[in-house]
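Here come two complexes built around chain A, the first alongside chain B, the second alongside chain C.
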Partner chain A sequence: MKNRLFKYFLLIPAFILLALTTFYPLVRSFWISLHEWDLKETAEMGPFVGINNYLSAFSDYQFWNTLKATLIFTGSTVIATIVLSILVGLLLSKEKKHLSFIRAILIIPFAVSPALIGYSWRFMLNPDYGLFDQIIGFFIPALSDVIWLSHEGTAMVALVSVVVWIFMPFISLMFISALMGMPKEVFEAAKVDGASSFQTFFRITLPMLQPIILIATILTTMFTLKAFDPIVTLTQGGPGASTSVLNFFIYKTGFQFFNLGYSAALGYILAGITMVVVIVYMRRLVKGDQWN
Partner chain B sequence: MIKRKNISTMISMLLILSFLVTGCSSSSSGGNSDDNKISVLLSAGEVGQFNAWQARTEEFTKETGIEVEYIIVPYENLLEDITTAGISGSGAYDVVAYLDTMGPSIQQFLEPLNEYAEEGDFQFDRWPEAVLNLSTYDDKVYSLPVRSHVQMLFYRKDIFEELNIESPETWEELVSAGQKVQDNTDLSGIVPYYGAGNNGQNLYMWTSYLWSNGGDIFDENMKPAFNNKNGVEATERYISLLDTIAPAGSKTFGEQDARTNFQNGKSAMWIGWWWAYSGFNSDGSALADNVGFAQVPKWDGKESVSNVSSFPMAMTKGSKNKDAAWEYLKWLAEPEMEKDIVMDTLTNESPAEQHSIVVTQKANLQDEKLNELSDNFYNVGHKNFQSAKTFPTIPEWPQVADILSTAMNEMATGKEVKPTLDQAAQRIEELMKEQGYYE
Partner chain C sequence: MNSQVNLEKQPKKAENRISIRKIFPSILENISVLLIVLFLFVPLFWIFLTSFKPYEEVFTTSIFFQPTLENYLAVFSSSFDLGKYYSNSTIVVVVTLIITLVVSVLASYSLSRFEIPGKQVIMFGILATQFIPLIINVIPYFVMFRNLGLLDTTLGLIIVNLGHTIPYAIWLIKGFMDRIPIAIEEQASIDGASRLRIIWSILLPLAKPGIITASVFCFVIIWNEFMFALILTNREAVTLPVALQFFIGEEGVIWNHMAAAGTLFVLPTVVFMLLVRKQFVQGMTSGSIK
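Let's turn to the complex of A and B:
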């Protein structure tokens, strides 16, 4: 009996640590989201307003603008990252020596600070001396006069490209390991049956990759919804407010406008959106028993 | 045996727990309880003036017996640090430096200085009215604007001399000068900065157009006024620079991008903060001794109106050593100290990291020797300070600036001026109404 209690006792330090670093901030921020708290007025939390802060979001034009930008940004980034990562996975999943070196250095962009990447790309896209801007102009003269960050469409393309560039290496590694772990017999059998490369990819490789695609999609969606540094450093939400995503809006509301109650509510709305997406994906995973 | 093992494991766990708990608890005392020691929060970034203060602090300690501990944090963390210390009331800092736009939110954590000044016969009017306004809330002065900047027009002396162009005094002359530059060189006429975000940097040059044209951001009832006839005219003229003498890239530029563009010899003119002048003339700069300066241009027949920004020093409400903090602030504000730092810079007697050209006090701005050494730079700066206005010092300014800054960028990237200004005005009016400005 004593031994049974002892094992729970051993969990106490971990529980305290989690309570202080995770549970308390979560509960506290939820509590703040139910109050009015304008830090410009007072350092004390204001009166309890129930779900008013949540309701305010739905009548706030900025919220809807940022939600639209978030959907475009997240959707484009997730699709581009998954498609490109699968292609990179197919290219680099062969058992060759030089490929193992490339696989090792592939992770570098994911390891670099996103803020640094954002600043670097801002410089590279600078119309005066930007390296990338000049390379594009050299190869496609029609694009030499494009100011990438000055139009809604091109700024979003630039932002999505940079974020894909950050996440793709990590997701590619997931696909590489999945592809390298696939049983060779299946592919040999397909070859014997006369299946073309195209048929093999769509009928065998892709269905077998499905669980990894689902996990990769969950991770990329979560990473993208939380993306903040590249937006601040690359576009500052512009031009206009076209790349101002929800996460950036939460930051501005909390730390530039000092409306802590509303900012906390927006944070929970973002968390809610993330959870809904994850639950939908997870249900698909469990339902399809894709783990096996 | 097992029992003993269990007991010793439990004791170890309790020890770990106690370390965890004590490790997580914050010291409630905080700050400096020692009467002769104060802590001063500054932002990082190799600011010459801050370095010069630090280098001279030993003299202050000798004179007063007050020790000063400098705490340097990255600029990005400055607001967060002041706010955290303010909320906790720990008195972690006795004196803090902050950017004027942070003022409305942190003012509640700062100590008003009027009583201290009255007791010690300290005069605030040594500073130009515009910069003092940035430190004033509800008629009380909360900080000393010992580091302040004014916007000025900078231009390439060599190109202007070669093409026989006079420094422009009106916005019309600015465009003519820019066009002459573009016709004869591969430089752009001027490089503005229309980029969104960046704390509303794209509004400073716009306000010089607006204010000089008799327009304003708000009217006397705090209703948006920037979309009236004068405002639309000023904004159209500001945005139309893109059709005449501004590079297309300036649509995305922040202040730093535009300054770099000018410094790299891509444009012949730039309007920005005067502190950049020392950078243009620093060792190794391609523009050394080749940059002229002038007042910000004006509308024909009207007055030039510049914009100011300050990085003042304030005493915190939570300070445990307020008298010592006031002594330190008075020392920072001594006119001789300000002059001494700049003289050492202009005569190259101080190390490069302590170079500063920042002069904020009226007497020093008009000082004969400083003007002689600086080719009349401070007299021109003084004129700009005298005519300058400031953004409204209201708590809602960050939100208002965000709406205006977004609109400005939208107009620069193709949206029509009048409807965009009207929409911004409507959004600002709604915000002000929510905040209880109108009946």
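Let's turn to the complex of A and C:
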């Protein structure tokens, strides 16, 4: 009897804190999303408007622009992060001394503030004195006159590079630990049978990595859809609205234009998108498990 | 004579061919490794270097200059007051971390050791809160804090950060506790130790790697947390990541000062991460793959 209560007693503190700090704001936010509320005009929540805030998103051209930017940003970041991380994994997962040192310091970027990184890339991409700007100009003279952060396409490229910089080390570590845990006999057998390294990679390594690739894709997609700090510190959503992704657009709507009702509704649209993406990936993951 | 030379030469040529075939990919490999290291570490190195540059050198890419500590002195002066933001960040991190660890260890123990109806749903629900973009939570927080007078206070930041760290901590610590054999505790409870005593003196030491992993992970998250602090503070309770924007003035950005503040800002997370790197990487990867 005492035991039966004890296990709930242990859960109570965490549960109360989560209820207050997460579940309650989520519900309250949903309630706000069903109301009109312009904080510039009234301190109290305005009239109930049902799903009007959600409907007005679909007729808002800014929302569609934002959605396009989100798609480009998320798609390119996820693809670049996963491909690069597999490559880094393959390069760094060998048993060599200098590689083991690099593996050890690979975690450092994960610990560095994304906001600071956004600023420092802005510094390094400056057309007058930026280090990266000059390095790129030196190796690819055709790009030496590009002002990275003031054109729509190149600003997106810069933003994606920064976000890849932030996520890639962590995702690489996942691949490294997966690759180093793979049974060596399989690769030796493949070598004995005369398989080229390309064949080995596509026929053996890649299929064996598949579950990790799926998990890494889920994580990267979730992180990318939530990315915020580097957008504020690197591009501010500009030039124009070219890098204004949905998460940033929600922030602007809510805390620069103080349209809280609409902002909350947009937040739930982003939550919906995230959920759909995660569920689609998860189902593939579960399916894959059954095959094995 | 001639034929002899040929005989000697031929095997050598073959050897050369083999070694070129071997060396070329390995050169390519080393260049790729070098490019990765440069891509990841040049930005960090450049911040570090800039933090020692005198103002005139900031707008050049030179790496040869007379290093100075002036930038570090400048950021601690009253005009910027890094000390204040550093102590704000420290208060938020320490308090959030302590509360997070206490409640998460208790909850993880319960979820790991007992049968609880709907456990799978609870665990998924806890994780699902992190799928949801946190900006949704900030909207009602902003309104509530304004009514309660908690805007621009460290207490407000601690409250919002708890909702962010507890879910991760529970997942990470529970994962570790699941791997500790239950037999050890049963033995202790036969010996008459109380439940809380078992958690404190038997389970905690065994779960230490998990707790360290969770602490460092949460520490990094809170220390670098930007969005909550950007929206919910404006002067008094500003934390380090948001304070960086104060270096952007009307005449541009004071990069050398920002670099000095930035270097001091990233130092604790990088040092902690390196100290527990092995455990952390193991904990994170086995946790996420499991």
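The working rule: the second predicted complex is superposed on the first by the 285 of 292 C-alpha atoms of A that agree within 3 Å, B and C clash if a C-alpha of one lies under 4 Å from a C-alpha of the other, contacts with A are read in each partner's own complex, and residues count from 1 in each chain.
Following the convention adopted for this analysis, contacts are C-beta pairs under 8 Å (C-beta built on N, C-alpha and C of every residue); 3 or more make two chains touch, one makes a residue touch a chain.
Treat the numbers as computed from the prediction; the structure is a model and nothing was measured.
Enquirer: Putting chain B and chain C on the same copy of chain A, do they fit or clash?
Expert: Clash - chain B and chain C, as placed by superposing on chain A, overlap.
Enquirer: Just chain B (first), just chain C (second), both, or neither: which does A:L17 touch?
Expert: In the superposition, A:L17 touches chain B and chain C alike.
Enquirer: Check whether A:P127 is in contact with chain B, with chain C, with both or with neither, and answer first, second, both or neither.
Expert: Only chain B is touched by A:P127; chain C is not.
Enquirer: Given the superposition on chain A, which partner contacts more residues in chain A: chain B or chain C?
Expert: C
Enquirer: If you stack the two complexes on chain A, which partner ends up touching A:F255: first (chain B), second (chain C), both, or neither?
Expert: Both partners, chain B and chain C.
Enquirer: Looking at A:V186, would you say it contacts chain B, chain C, both, or neither? Reply first, second, both or neither.
Expert: A:V186: touches no partner chain.
Enquirer: Going by the contact rule set out at the top, does A:Y61 touch chain B (first), chain C (second), both, or neither?
Expert: A:Y61 contacts chain B only, not chain C.
Enquirer: Check whether A:T42 is in contact with chain B, with chain C, with both or with neither, and answer first, second, both or neither.
Expert: It touches chain B, and chain C stays clear.
Enquirer: Looking at the overlay, does A:A241 come into contact with chain B only (first), chain C only (second), both, or neither?
Expert: first
Enquirer: Let me test your reading of the model: by the given contact rule, A:F6 touches which partner, first (chain B), second (chain C), both or neither?
Expert: both
Enquirer: Regarding the shared-chain residue A:I147, is it in contact with chain B (first), chain C (second), both, or neither?
Expert: In the superposition, A:I147 touches chain B alone.
Enquirer: Enumerate the residues of chain A that count as touching chain B in its complex and touching chain C in the other.
Expert: Touching chain B and chain C on chain A: residues 6, 10, 13, 17, 20, 128-129, 232, 255.
Enquirer: Sort out for me which residues of chain A touch chain C in the complex.
Expert: 3, 6-8, 10-11, 13-15, 17-18, 20-26, 28-29, 32, 87-88, 91-92, 99, 102, 104-117, 119-124, 128-129, 131-132, 134, 165, 168-170, 173-174, 177-178, 211-212, 215, 219, 222, 225-226, 228-229, 232-233, 247, 250-251, 254-255, 260, 263-264, 267-268, 270-271, 274-275, 278
Enquirer: How about chain A: which of its residues touch chain B in the complex?
Expert: Contacts found on chain A: 2, 6, 9-10, 12-13, 16-17, 20, 38-43, 61, 126-129, 145, 147, 149-152, 232, 235-241, 252, 255-258.
Enquirer: So in the complex, which bits of chain B are touching chain A?
Expert: Chain B residues touching chain A: 6, 10, 13, 16-17, 20-21, 24, 79-80, 83, 86-87, 104-105, 108-109, 195-199, 247-249, 251-252, 254, 257, 261, 264, 266, 395-396, 398-399, 402, 406-407, 409-410, 412-413, 415, 427.
Enquirer: Report the residues of chain C in contact with chain A in the complex, numbered from low to high.
Expert: 29, 32-33, 36-37, 39-44, 46-47, 50, 58-61, 99, 102-104, 106-107, 109-111, 113-114, 116, 126, 129, 131-144, 159-160, 162-163, 166-167, 170, 195, 220, 223-224, 226-227, 230-231, 240-242, 244-245, 253, 255, 258-259, 262, 265-266, 269-270, 272-274, 277, 280-282, 284-285, 288-289
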